[in-house]
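Please find the structures below.
There are two complexes below, and they share chain A, which is joined by chain B in the first and by chain C in the second.
The block that comes next holds the complex of A and B.
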């Protein structure tokens, strides 16, 4: 299940549904990703500031600070960090607002894991490729 | 507003079941034909599925009760059960601010015969008013007291700030429709509604 040829992609999962985040984290780890979990908006921001991360998976509806507010702050403090919104909340409007705020993509729960992992890899490659072109 | 919250909660239940089923698939694939599945992983996964099915079932049961009240213009419900149901249905909004919402042990009850959808809307929006104005982590207590021919519902939070969010203009209108009342006080919201159509002046049938 793991792919030893590719670099390990470091993913933050931000979702207040503990069982969902924990189980998804296990499944992503089985597929070779390195995951960190946050159960609230503030916790997500703290971990993003303190850890090296490649991609953020963000739920929109979280206590204390919702996903769109987290996303807005990330666009200021971590503009190159790609964010994929993964949520059961609302539908098109929430996704549209997230994309307008600079999210990389938007997926509805329950999500197909193959689709999610493809999006994670695409997000990472898009950012890595941009940095490589700039000679970094 | 309630239906959006309900669908969001159901989606979360389905998402957990989806991931748990996927994890069991992953474990089965890793075990192959020769190995057994790790019991310490399988048992919690199975318990998680049962828990989420139960959670979704309760949500749908309450939502079904709520939907039914819209189908019939006038109905009869138990006040305490109705408030308890609306507390459950607003649980996500309360959880978003880490509010502990409880009916008091002394909360009385009585049957109310009225436009139940209107009563439920008034109670639900009153709960949301208090949630919006309470500080994160606060306790919200709900007391029901029968006063003559009316039921009085007091929704109280220690940190309630009536200046924090704007009044929901629907609450007074809904109360008026029931010939009841809606009052915002320093630390509580107080609503009342007649227990019978006769006392509300509404024509039945």
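The block that comes next holds the complex of A and C.
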């Protein structure tokens, strides 16, 4: 991996709420992230497989594929990919379940952008840090 | 059967059979009580009275019939005795008047000798007379000069010739002593002529006869003639020859005597005489046996009535009290359930609204954020500052909405209860650690009265912490500055009760009613969401517990939290 690639964190934002997803992706890009948007569960899985990603931000409530389902499936091929659950769904136990499935954290909409970016960075660092250790 | 039920339903007031709901609070217990007492007394007393009445009537009839039979028997016996005695008297006269004695008695002193013999032997003959077939008194011995009197036109003379024997009524005659006459007719065998021997007998003899056969001092026992004149003395009606009654029917009758007594009057004719025997028998009603029976019956009836009234009144009172208590309990429970249901449905509504608003809110948040970002990147232009300020305002409002929607969503949270063994005192201590600095800052004194021997409960630690945190924070907010919060815990009937009191301003009654409803807040706008207490309420209900509040303006407020020994999942 090149240095530039390390600096730019590649994020996939999976949310069926198009307006929310596009706006948030623009704001994340403005803050130096490289954001891809997926508007459904299947699209998210597809993009996770085809692209090189650092962090996934996942909505829980999507019409075709539930966020938890996506999380469970992506774990098969990408066991280490950090996932942050971002949902307006007030289901606390769903978040808890997500954590059990290995989500990095759980944030409720409307989320403070500073909190979100901090979490993304934290997630990326934790994973790449452990990878770096293992690499040595 | 249906008819019986419909009648019963009409009898039973609506207040007894009517349904119950929480608005139904005024059963008329006094009226219910009265109706129940009346019904039960009627069912107890009426059959008893009927039985007593029947017994009274039957016994009465039995007594009367027995007594009537007895009086009849006495009358028959007495008449037979009288007939026998009079027959004996007749025999004497018949014996004396031998057929062939006519001549003899008309000669010399033989009639006088006969009279004296009779007088010596029997003592009650007053005179003797011999009468020929033409009715002329041929010879007479006695205190009057009656020789030669013609009796041929007299009724008795005709009768004695017809029947052979004649007995007259009692009369006073010339001697002022009541007496009666007895005459016999004979046929002189030689001349084939009829003649009559007539004797007069003192009425005292009749009295003696009557006294002989009279067997009870209570009974009035006397003879009357066919015109109703007394022939012997009567206890009730006086001396002989005074008037008794005209037209006395033979047989046994119940009559009411002159002095108001109910008596039996038995009348029977004595054959071949002008007399009837009368027995006046005081009724059994005045007898001691009947009086005792009546007194006992009355005593039993009165005792039963008094006992029934006593028992029924006590029983019905106890029943109505029970019913009233049960009703009150039911009403309280219904009201509580209604309150819980109301709060739960408001909660569900709030959660639904929160959920629906949250997503658009997230979009507003992002859009505003993006515009702020873009403004930040672009160069200066007119109104840039004003626009930035406007966007910051939107962001602040979004932040406020966010707090509300997040709390609203808390209602919908279906946090599974993670039960563990807990010491409530320890949970309280953990919560107090959070609030220490805030209390110190506000100069609030903490007064802990925790019981040391509380049993361990099985419940959810986090949710209980949330409950205590909410209530204690509420108390701190209520006091504002300088005051005391008292937290006490104890164990009551297995449940643990924690009372959190503050000496703040207290809550007016009209607010207390709504205190657990969502969005009900008295804090200034933006400071409280009005959700804390309703969430606390919901949490406790979910854990099988309860929370109640009492407050007095100017004195303070106390929340009482009840936690069951073991929580059960009570999800809605």
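Throughout what follows, the second predicted complex is superposed on the first by the 128 of 136 C-alpha atoms of A that agree within 3 Å, B and C clash if a C-alpha of one lies under 4 Å from a C-alpha of the other, contacts with A are read in each partner's own complex, and residues count from 1 in each chain.
Convention: a residue touches a chain if its C-beta (ideal position, glycine included) is under 8 Å from a C-beta of that chain, and two chains touch if they have at least 3 such contacts.
This structure is a prediction, so every number in the text was calculated from the model and none was measured.
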Partners on chain A (chain B, chain C) - clash or fit: clash
Which superposed partner A:88 touches (first chain B, second chain C, both, neither): both
First (chain B), second (chain C), both or neither touched by A:65: neither
First, second, both or neither for A:109, with chain B first and chain C second: both
Contacts of A:127 with chain B and chain C, given as first, second, both or neither: neither
First, second, both or neither for A:23, with chain B first and chain C second: both
Partner chain in contact with A:101 - chain B first, chain C second, else both or neither: neither
Residues of chain A that lie at the interface with chain B and also at the interface with chain C: 17, 19-20, 23-24, 26-27, 30, 88-90, 108-111, 113
Chain B contact footprint on chain A (complex, rising order): 1, 16-17, 19-20, 23-24, 26-27, 30, 61-64, 88-90, 108-111, 113
Residue ranges of chain C in contact with chain A within the complex: 351, 354-355, 358-359, 361-367, 369-370, 373, 377, 398, 402, 406, 408-410, 412-416
Residues of chain B defined as touching chain A within the complex: 4, 7-8, 10-12, 14-20, 22-23, 26, 29-30, 45, 48, 52, 92, 95-98, 136
Interfacial residue positions of chain A with respect to chain C in the complex: 17, 19-20, 23-24, 26-27, 30, 88-93, 108-111, 113
